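For reference, chains read A, B, C, D, E and F in written order, and residue numbers begin at 1 within each chain.
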Amino acid sequence: MKRWAALLTVIVVGALLLWAEGDMPAFGDPDAPAHAHVAPRYIEEGAEETGAANLVSAILADFRSFDTLGEITVIFTAGVSVILLLRRGERL
Amino acid sequence: MRENVVIRTVTRLAVPFILVFGLYIILHGSSRAGGGFQGGVIVASAFILIGIAFGLDETQRRIREKVRTIASILGISIFIGIGLLCILFGANFLGYAAIPLPLDTPWVRGLMMEAVEIGIGITVMAVMTSIFYDVATKEEGE
Amino acid sequence: MATIHSIVPACAVLVPLAAAVLILLSRRHEKIREGWTILAAAANFLIVLSLLPQVLAGDRVACTLIELLPGLDMAFRVDAFGMIFALVASGLWIVTSIYSIGYMRALREHALTRYFFSFAVAIAAALGIAFSANLVTMFIFYEILTISTYPLVAHTETEEARKAGRKYLAYLITAGVFFLFSVILTYFLTGTTDFQPGGILAGTGPVILQQILFVTFLIGFAKAAWMPLHGWLPSAMVAPAPVSALLHAVAVVKAGVFGIVRVVCYVYGIELTAEIGMGTLLAVIAGATIITGSLLALQQDNLKQRLAYSTVSQLSYILLGVALLTPMGITGAMLHVPFHAFMKITLFFCAGALIVAAGVEYVSDMKGIGRRMPVTMLMFSIGAIGICSLPPVCGIISKWYLVLGAMQAHNLAAFLVLITSSVLNILYFFPIIHTAFFEEPESGREGVREAPLSMLVPLAITAVGSVLLFLAPDVAFLRLVEVAIGELTGVLP
Amino acid sequence: MIEDLVVAFLTRYNYYMAVIIMLIGLYAMIAKSNLIKKVIGLNIFQTAIYLFYISIADVEGGTAPILVPGTDVVYVNPLPHVLILTAIVVGVSITAVAYALAIRIYQSYGTIEEDELLELGSERR
Amino acid sequence: MIEIPPALIPIVGALLVPLLSGKVRKAYLLAVSVATLAATLVLTPGSTFTVPFLGYDLALLHVDSLSLIVGYIFAFIGVIAIVYGMREERTGHHIAALIQIGSGLGIVFAGDFLSLYIFWEALAVTSVALIWYGGREDSRGAGMRYILLHIFGGGCLLGGIALQVAATGSMAVGEVAPGISSILLLIGIGVNAAFIPLHVWLPDAYPRSSVAGGVILCVFTTKAAIYLLARTFPGAEAVAYMGGLMVIYGVSLALLQNDVRKLLSYHIVSQVGYMVVGIGIGTALGVSGGIAHLFNHILYKGLLFMCMGAVIYTTGRHNLTELGGLARRMPVTMIACVIAAASISGIPGFNGYISKGMVIDAAASMQMTGLGLLLTLGAVGTLLSFVKLTYYVFFKKNNEIEAREAPLPMLIAMVATAFCCILFGVYPGLLFAILPIPVDYHPFTAGHLIETGGIVVVAAVILLLGWNLFKPKEKSVPDLMEVYRLGGRGLLGFSTTAVNRVSDALAAARRSVIARLGWFVQDPVMATTILAGTALLPVARAALPRARAASLEEDLMRTRDEYPGNPARMWGTGYGLLLVTLFLIIYFAVLFLIG
Amino acid sequence: MISEHLPILAVILPLVGALTVLLAGWAERRYCYPVAVAVLTIQFGLSLAILREVLRGGTIHYYLGDWAPPWGIELVVDHLSAYVLVILVFLSLLSCIYAKRSIGGEIDPQKTVAFYVMFLLLVVGVCGITVTGDIFNLYVFLEISSIAAYTLVASGREKKGLLAGFNYLIMGTISACFILIGIGHLYVVTGTLNMADLARLLPPLYDSTIIHVAFIFFIVGLSIKTALFPLHTWLPDAYSHAPSAISVLISTVISKMGIYATIRILFSVFTVGFIVDHLPILEFFAWVAAIAVIAGSVIAIAQTDLKRMLAYSSVSQMGYIMLGIGIANSVAMTGGVLHILNHALIKGCLFMVAGAIIYRVGLRKIDDFKGLAGRMPYTCAAFFIAAISMIGLPPTVGFMSKWYLTLGAIEAGEWFFVVVILASTLLNAIYFWRVLEYAYFRHADAETPELESRVPVSMLLPMLVLAAGCVVFFFAVSIPLGIIDAAVADLLGGA
């Protein structure tokens, strides 16, 4: 029962999503808005400004370094979570 | 655990290389493909490999709980420290440019980014190892 | 007409509240606890009394406590009509406190701290309602009154009491919801909730909305126990007698009626109420309640139940008076507030005395009880005669005005309702008197004596009070009503 | 009509694939009773999102956004990469916690089949 | 002289009664009543005494000749009644009696409607007490019926007054213009004045009152009403005819009674009829006659009630069939009774003759022949019934009864009253002097005497011819009261049943709603499933293959039996995510619909 | 100098605090608690300072790394953020104080260090969400707090906590994934992640299906996070089987965080122009919320377990707040936003009471509460105040939000919502009064010992503070209102 219900709803959702994704810019479209607004500056000036050739790193560790701080906090949280959940009999 | 000479030997051979590779990835994050996360995970994988090959006690010996904990704290602290340092020098949080090093701004930024990446690497390494250790440890009496 | 700013009205509300706190604090010392109650009651009455001269002079005593929301103050404004209610509630609190002490001691009741605490809070709420300057303040105290009286209703903690308590809350909280809705809708329509003698709703919103609002207001004031929203009142009679006496004859039910009068006269205004035809609706409801309540009272053998239905019926006298929308009708309505309070509290006190002294709860068990407890039953008779609007008790005066109002409004139907009700009142009260005085006592009642003095004195006070009110109605209440009517009709005495 | 669909598919197959993978993950999470499988379903779902992000970063003919000074090449959009790096880390963390929970559940209840667990869990005390 | 409202003296005096006892109390009671009489006697026309009340000035003392004469007799009979009732021990009885006297006087001297109304109601309440003090098995019911009817009447009076006040703004007691207000007032007065068919309370209640109470009752209520009628409706023709009807009706039923006081009660109706006629006629002679009759009637009817009271007091019997042979045993009472009977029958030389003649004369002078005839007929009937009464009580042989003469206070009261009857019969000028409207009436003319003689002869003839017809029967004669009781009971029964039905139905509805809600909230999720399943079952039956539908139904039944499940059940992730996907779909649908 | 960096410190401080707690706990387990409380106290001071700054100077923008938005990440603290921040930090502080004794029986002693670290990490996430102005950043912090919450729910000794935690994890993660998908879609069409920038760029694209899809994913994701009925399935288990202090924390802090995120995304990203004017989908949202109000309450009535009842009550209350937001006129919004504060006070207090009862007398079932008031007078008094506040009776805060919501619904002409809001009062009364009746109006069974069970001060104090808050803010409602008015004006001003 559940299986069929799951299949049905998932297929319906899928169909709807597939229909909706039709409005998306084409794959690899260089004129897609996503590439037009913020990214160009990263590509054009990012390296000069940050001194990092790897733009991903530049964004990661500089432009959006706060995200990265959050990210390692997530990792840290996960670590502590596992400690909290599983570890026994030690100091923590 | 049954002793498995092959695995142990391979592990012994591989671990140094993995560690070096991991460090490379971390340190070259800003100019080449790589970064703190990737490197950190690679380093952690070395310890995990040790754990798999030699048992958890061995891992425990190589990288103790204390070290792991301190390391994970240290990693984040480096990150936060740099951020706060920037504040101290009058910029906003993580505004690397304000740090008064006798270098050009992009260089300062690059340097700081490296430092941050190192911090990330340390934390990721420590946490990943820690998670592995905790998940793999069996409950006493099981 | 001047508005005097003074902190006194707030004190009148705060004194019982402070007493409540003190009662809580002294919960381990019976005497001190009761002392607080009486002290607070006396102090409170004096405070209320101190406002009387100013109000009688046609002034209003105002006091803004706090601005709750922008444009919505929690404020008190003592006017003549509010003063009537306040005087009754605070004045009767004193006697009820004394009576309570006697009653509770005699029955060795439990949880007395809770009891006196709730009582004090309820009085504070009643005074808050009396003095409230706007609907919001009134609503706040109205709800406090609901909550604070619940512990009193469920006091005995029996299943029956709890059930009655639940019913009580079900009715009154539902009503509170309607009241709140009405308040909010009023605020939405007018941008204010202040009571104004001429009403505030005139000229706002479509008529149908005003009519709906009127109905929701009425439902909101289910405390007035109009039918078919009266069900909680007879059930609430499981409460100890002092509670039935003060709350279900005076504070709570009168709060409901008071609210309706306030709404009709000060929110809608007499003219608007007449214009949108709601006076007729109210009159029909009140008339039906008067008759039906009396008919139901007729069937009750439990004395307190009978009194409860009598209350249901009598409360609608007030509603009917207001519904007539004539000065005389409203005069009668406003006068009936204190008058009925005095008479009905006497009756409930007597019922309590009967329970304590003779263990009698049913009318059929009262044979010849008047010979054993002559004072109690004499006072009961006075109360009963008063409710039947016969002399020499004050009930006749309010009835006089009500009939006058009905005639002023050329409403013969209302008049018919009133005399039918009188006849029915006789039907359910006079047999009690006959049973008590003129029938031979049953055996086994030889040892029955009057209730303790602490109960007897209060009931005598209220009974004599209701006679005195007949003899000298002009002293306080009538003059207050005149001031109020003058305010309503725009002509000051 | 069909032509349109084909064009749409051919130009946007990345999204469609992401959607399909997403749905596979979702289905697994709904229909599978085993907690581990559920987590796997979750991972599949997340993977679909990664795919989605990475594919929106793509620029036709672009290369990895690591600057090669002096050359005039088209770089793909680096921002989604950064975002998805973060998302991956988050996903890993979540997976770790989920497995930790599953282990604890197994330790406590002796099963990781959700149907059984719910029955055990719903018992009135 | 200090002029205070005489009404206040007994009313205030009543409050002290409970504090006293024994001889002191008796002396006190006498003092109060005498003081009341004195206070009445000192009044002079024009005396006023106003009390501010409810913003009105209540005129508790509005003295003119009409109120004075009624006041005198009220106060006098008050003293008599108190003396008569000296043996009464019950405190409440005395209180009620005093207040009753006070209220009667209050009505008489009230200058405004409001105070009048208050005294009016007080009169009713105290009457009930006196009736209840009768202690007869049906006293309670009689008292209840009495007060109910009077409250109704009082209500009508109040309504009439209120309408009057609302229309004119005046509270002063005076003539009333025709209209709704006058009808209400007339009903209100009519109840007390025992208008047919509102008279039923009178023969119902008075025989059941206490011995002393009966004396008081028979005086105030009806006479006060007559007084008010004289004030408000002098000269209303309809009223006059009502009086005629009362005369005949009262007499006819009186003839059929067995209970002595019931017989007397019907005679009150009848005699009050004469007064009503007089006032209804409205001429000087008529009104004066009516008032004079009121005066005289109080004396002889009081006396009759005293005598019969004495009989009942000593014998404990009250039926004609049971009594007899008391002439020797209670000679004083017998003589008093004969005097009173002669008075009421209009024998010359007794006071009744005077005033009855005046009324008949007034009717004749207005060419109301029919009315005159009725009145004369009434006189015949009265004579008949009192011959019957005296015979069966005092002269018929009956040796069973052991009785002694009535106690001294009773005898004093009877003798004094009997003396008055004769006094005013012989010297009618004494009465004429205080009449409100001076009249030129000569009672002892030949015409009047002949008329009386005729009446006596006719009565004698009837007696001789049909003596057996007048033999008292034990069976009581039904009056309209039975109809009222039936109607009242029916109405009350119906309305209470209807109210009960409705309230039961409401309660049942409420309970069922609560029960349903209670069922639902035990496990809302499962309940929703069951409800939805039940609703959809027909659809499933129609749409699905039979076996499938049957299995679904079985599932539903099982779910129903299991209800309530566990409201605290855990919901798995699968379920949650299913809902999530459904929600996605719903949102898509909504967006599609509105987008 | 510090004052300009306040927003970032609000995030960094608890993070540093978490590390400090870890270190301190490493040294000695006992140190955790004072350090955590100290950190949160400072954090509370900080949040008040931020509030003061906002009130004084309006919205604070803070560019991280000195990168101007939309290139860098921007922290934006406006009235709403500051208001929510203060509430959340205050509640965190109180539940942390409360945790000291309450976790004693519920969590293994050796886990306390990790527990407090987790606690602070949750605060990090929550604070991060409130101050950030970047939508992706919001996601990251959402995940921090969520992971912490999943773990904390499962951290107790109670076995069912694990199931609840797992369920919560799956649902929460799906919710976060949906949000992530939504962010992706927005990014596809705009190329930016900054909220203000998005709000600026979106209007021309309102007709795009992608925006609609993004919106759907956002709203469904956020509905899961806020446990809007019927996507609440994780909530009752999570709330009722978590350790008491955590029940308090997640029922107040986490749920409010979800609501804050919802408001932010609906009104600061999509703006009124889209959700009301262009595509009146908020109407539908409001209907769902209205159903949630009723359904949550009805199911709550069925519950026999106090914490579970409170959990379903939360479902209802979430609907309440969402209804205010869904009606989307300024009055109703004021009510909804005000109810964030009110519900935090009330539900915090209630869960603290439930925890105290479990801690002291070990009772969870309402039927067992007979005569409890005599044994735990203060606790029951706190419950009483909070309960009538939840019912919405004056003089407690619940009344104020009810007032605004009803007024707002009337103003919008939505009579059905008026009925719902008012009906919820009655339903609330039913299930809360049952508890009160058991506690106050039934005699304790003979076998239960008649001793007055004293609740430790560290547990009693926070609940009394909250109960007092329920009353105080009734009279002092103008204080939050001053902030809320500005916040609502901000939110609706974008139209």
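In the analysis below, contacts are C-beta pairs under 8 Å (C-beta built on N, C-alpha and C of every residue); 3 or more make two chains touch, one makes a residue touch a chain.
What you see is a predicted model; the values in this text were computed from it and never measured.
Following the contact convention of this document, D, F is the list of chains adjacent to both chain A and chain E.
The minimal number of chain-to-chain contact steps leading from chain D to chain E is 1. Distance from per-chain Cα centroids to the pooled protein Cα centroid is smallest for C.
Using the average of C-alpha coordinates as each chain's centre, B ends up farthest from chain E. Summarising the inter-chain layout, the chain whose CA centre lies farthest from the centre of chain C is B. Chain centres here are Cα averages; for chain B and chain E they lie 108 Å apart. Between chain D and chain F, the centres computed from C-alpha atoms are 28 Å apart. Centre to centre, using the average C-alpha position, chain A and chain F are separated by 26 Å. Mean C-alpha positions place chain A and chain D at a centre distance of 10 Å. Residues of chain F found to touch two or more other chains are 15, 22, 26, 64-65, 136, 140, 143, 147, 150-151, 154, 160, 163, 166, 170, 174, 187-188, 193, 212, 237. Under the contact definition stated at the top, not a single residue of chain C touches 2 or more other chains. Counting partner chains per residue, chain B shows two or more touched chains at residues 31-33, 35, 37, 69, 76, 80, 83, 93-94, 96, 131, 134-135, 139. Every pair of chains in contact is given here: A-B, A-D, A-E, A-F, B-D, B-F, C-E, C-F, D-E, D-F, E-F. Of all the residues in chain F, the ones that touch chain A in their complex are 15, 18, 22, 25-26, 29, 64-65, 67, 70-73, 108, 110-111, 113-115, 117-118, 121, 124-125, 128, 134, 136-137, 140-141, 143-144, 147-148, 150-152, 154-155, 187-193, 201, 208-210, 212-213. Those residues of chain A whose C-beta lies close enough to touch chain F in the complex are 17, 20-25, 32-39, 41-42, 62-67, 70-71, 73-74, 76-78, 80-81, 83-85, 87-92.
Put simply, chain E touches chain F in their complex at residues 520-525, 564, 567-568, 570-573, 575-577, 579-580, 583-584, 587-588, 590-591, 594-595. If you check the complex, the residues on chain A that touch chain B are 48-54, 56-58, 60-62, 65-66, 68-69, 71-73, 75-76, 78-79, 82-83, 85-92. Residues of chain F that touch chain E in their complex: 160, 163-164, 166-167, 170-171, 174, 212, 215-217, 219-220, 223-224, 230-231, 233-234, 236-237, 279-281, 284, 295, 298-299, 301-305, 308.
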